[in-house]
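Just dropping this structure here.
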């Protein structure tokens, strides 16, 4: 290996069947290095979200192996907890806790899981909210915010746990068009700060500008992995060309 | 997962932990149940009351105040219990119909253009729902129904007599100081039925109100712009749509009505529970009588649920 | 070996303690030891039957059944007030006695073979405190003279007793149809009768008489002459503790014997002085515990009779105060008169 | 919410009456018929209440109705408990008003808003009228007045200086309620140096409220556990909970109470079965738990699956995720149905009278069996009905107030 950076996520031959027999992942391999931004694209039902969710054990898998920051994901609950502490996740539907204020959304996990003192966590949470540009909303409830603001809070909430990797599961799909940009900007800022990120998205512009590599998935398999410039201008596989035509 | 460094210990293994938890729970429940059952067996054996059903065939030795099935004291216990069950079913079925009609009337009255009617509907619901049913039943029986006049003073209409002993239909005759007629409803039945209908109607009214409120306002507006009168709109346009919300809500109210009918003991009506209690007192067969009682109500509940689910299917289909 | 001794010491100590327990010396009664230990007698009563056990507006129990509890507490604990009353329904009374929830059941319970037999309810009955029988009460205005006239009409019955069975049996003998209206509790039964729902109400004669006193116009209701059953009402304990059953039995007898000997709550002190002074009154001296060890043989204090009579008076006083002429019930003594006056109340000798 | 009509268009009272009652000819007829009916009913009721009813049955037995046969010489304990309850109520009431909800800084709280003035006025009226109506002795009247005064004083003081309390104390204040419950149990039943008062001596309103609160407090956690079991992915837990819930919901309460009284003795080794009052309390608890479970289940179903996933991916363990994320949201949805079950439970305590316990209705029945008060059914039932109505309606009102207070979407924004 010539790559200077350490391996952050190592997935080998991951196979997943749903209880109803559907073969969702068919031997997927992927290596993500520290500081790298990987964008996963693909048509709906291609298994890209499922694959992403195996990284923090929201989905289990039957064969293959995944290591995150050197911790193997196994049936060991302690290791699963350890991985979840290392991995932040941002969902399509934000999934903010509507009964807690924005600030409490951020401080809940660090206080309960990391057992950090509340004062310190609050200070850090306010810094993070400032970083995503919504410090003045700290005492509001999620229901009082716009979609874009909510997704930025969700990002800040994950960051508050000081993760080593951030996973984004279609973070802009549920947003009104005018709010997409503010979220992408925050993500871009994160990437520039050197955060390791795996992003499932359809945002071609984001992939072009930010991603180090683009992964195309289809039918539960990885079709192509390539740097964005190569992927978008000169895809190697017929399936990739077809996909790029479809998303225009 | 195939490649793992070492198998994790069982207490934090994602694959085994769920089974472990279930095993512990099952074991705990099993131990408690076994403990109770062994005690039951032990105690029943000690008192010579081991589970047996032969007593059902012995003559009951007591009479029933009213029964559709012919019954007298020489008939066996199972006939007495059956007569009680039939009486329960009689009051449940009549109660379902009555509570539905009254509940629908009151539920729709809360959408009346008449403010007084609206207010009264609200007051009815709020008053009735917050007073215990048992209290209401006792009130209906002892304060209202037993205040009816008797004998020659009874309320007499052509073909109908309402007396302290009941409602008599179809050419009632006063024989030896007692009213007699082909068709007769006792005041006990009347009090129980009235209490159940009045009480359940308050809950049904809320279900109906919620159902009507769930129909978009646009439906009313569209209908009235087509020139429908309000009552026609309600019956032809709104209620059919509201049914999809109303029917599931009524299901649980109907089941409570069936179960509440067991409060018949408070007003002297010989329902299944009342007969069971007498049977228990005379045979001492506590466990068997309880099993019969619980089983019967469970079956009644299941039948109501099944019927309502069928109705629900019909209502939902109409939507398409 | 030393280990064996260490085992033996607590055993010996326990035996010694058991040996010391109870004033009766050799009397072995777990029940009596338990009652003395807690200092309170748990007594199961009806609680809603005027004359027998009833709670006044002041929250205190009174009645014939209650007086038996008081007399027993006085005999065993020396204080008639040391009683906790438990209201028991007719269905739960035997379970309450069997499970030890109450020590003594004094709740107008009819003695029958199956209740007494070890293979039945396995109760131990004390002597009858009231000879009763099922009767029928009707309004005078109804013109009903005998049970036959009730044919075709509704009768109010309280469920949960043998009353229903007795009624059904008798009506079948008379070949008369009727409508039995059953109610769960006595108060409902009489309310329905008074409101005219039934032309008759059936229950124990004593109960009917008791309830009649509370009617707005008692004289407008009469008890029919028909007697549907024999109902001797007895206090009861469990079979398993014969010593305790004996104690209760003789507490009841002491009240009957006191009446026969003319001892009352008022003159008991005088009688005691008289007995102590005159050695020739041997019968009285034994009865009041001045000589002999009758009390001790039962595991009771020697002067338990003095205590019971002081607490509630003799049987005649108990009767008159609770159900007789001194009470609203105004029941005649009838068969409940002492045997010397032609009744059934008879105490075996205190010898 | 529909926008309120402009103020200028708001009709005067007469116009309003005319529109509401005589909008059309049919409405007019209905109104006249209803008015006539109401008038006749009111007149009849008034005539009965004033001329025929004999209220001595209530006043003569007021102690019996209130506490049953609780020993006279021990009743000071109940007075002490009432006083403590009044203090705690006043304190909590005042603090609720004085302290704004966390995270919001709305307008400064008013010491006595209009609602509170109404509530206080009703309290004062009740305290003045009730002892007189019941013809209580002067000593007892004075006690009631003192307790009411104490309540209002505590309310005023807490409202006045509540904000000045240090946050730690403020956070500890809700704890006085569970503490008070324990103290209350000791005061009622005895122990810790107090004379024991057996459960069979508790009665009337005391027993009714005790049974209801006991069952409500215990059936709630039990119901939540059952609801979680019912929605668990573990088949055994799911089926077990389902079986329990459906069995209980399929049986009438009276049969279960009967089972508790008559069959529990067979199920336990001799002498282990608890006192029959507690037996009934446990039956009520287990009964209500099944219904609460169904209410909570509907609440759980309303929480999106993503909430649990988000909590888990933040590293929260399953219990933490349930307690801090899922249940608070589920309970908010399930609150009206759950309180509805509590109201039903309170009403169901009347069934205790059918198994011979002396709850409020059971006491009423013994009172009416007393020859002196025979035939005074209507008076007693009416008073009972009013009492139950007030308790149930208060629970309903409280639930609605809590609902608005908990709804984050109604929280004031800056």
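A, B, C and D label the chains in the order they appear, each numbered from 1.
Criterion: a contact is a pair of C-beta atoms (placed from the backbone, for glycine too) under 8 Å apart; a residue touches a chain by one contact, two chains touch by 3 or more.
All values derive from a computational prediction rather than experimental measurement.
Using the average of C-alpha coordinates as each chain's centre, C ends up farthest from subunit A.
When chain centres are taken as C-alpha averages, the shortest distance to the whole-protein C-alpha average belongs to D. Per-chain CA centroids place subunit A at a distance of 82 Å from subunit C. Centre-to-centre, using mean CA coordinates, subunit A is 48 Å away from subunit D. Separating the CA-averaged centres of subunit C and subunit D is a span of 42 Å. If you average the Cα atoms of subunit B and of subunit D, the two centres end up 25 Å apart. Touching two or more other chains at once are residues 142, 265-266, 277, 280 of subunit B.
Residues of subunit D in contact with two or more other chains: 262, 265, 270, 354, 377.
According to the touch criterion at the top of this document, the contacting chain pairs are A-B, A-D, B-C, B-D, C-D.
Subunit C makes touch with subunit D in their complex at residues 47-48, 50, 55, 57-59, 84-89, 91-92, 95-96, 98-101, 184-188, 190-191, 194, 211, 213-216, 328. Taken in their complex, subunit D has these residues touching subunit C: 60-61, 63-64, 68-72, 198, 200, 261-262, 265, 270-271, 273, 275-276, 354-356, 358, 365-366, 368-372, 374-375, 377.
Chain contact summary for the complex, subunit B toward subunit D: residues 18, 21-22, 25-26, 29, 36, 39-40, 43-44, 112-117, 120, 126-127, 129-136, 138-139, 142-143, 255, 259-260, 262-263, 265-266, 273, 277, 280, 286-287, 290, 293-294, 297-298, 301-302. Residues 48, 61-66, 73-74, 142, 146-147, 150, 164-165, 175-178, 187-188, 265-266, 268, 270, 274, 277-278, 280-282 of subunit B are the ones that touch subunit C when the two sit in their complex.
Residues 103-104, 304, 306-307, 309-317, 320, 324-325, 328-329, 332, 406, 408-409, 411, 413-414 of subunit D touch subunit A in their complex.
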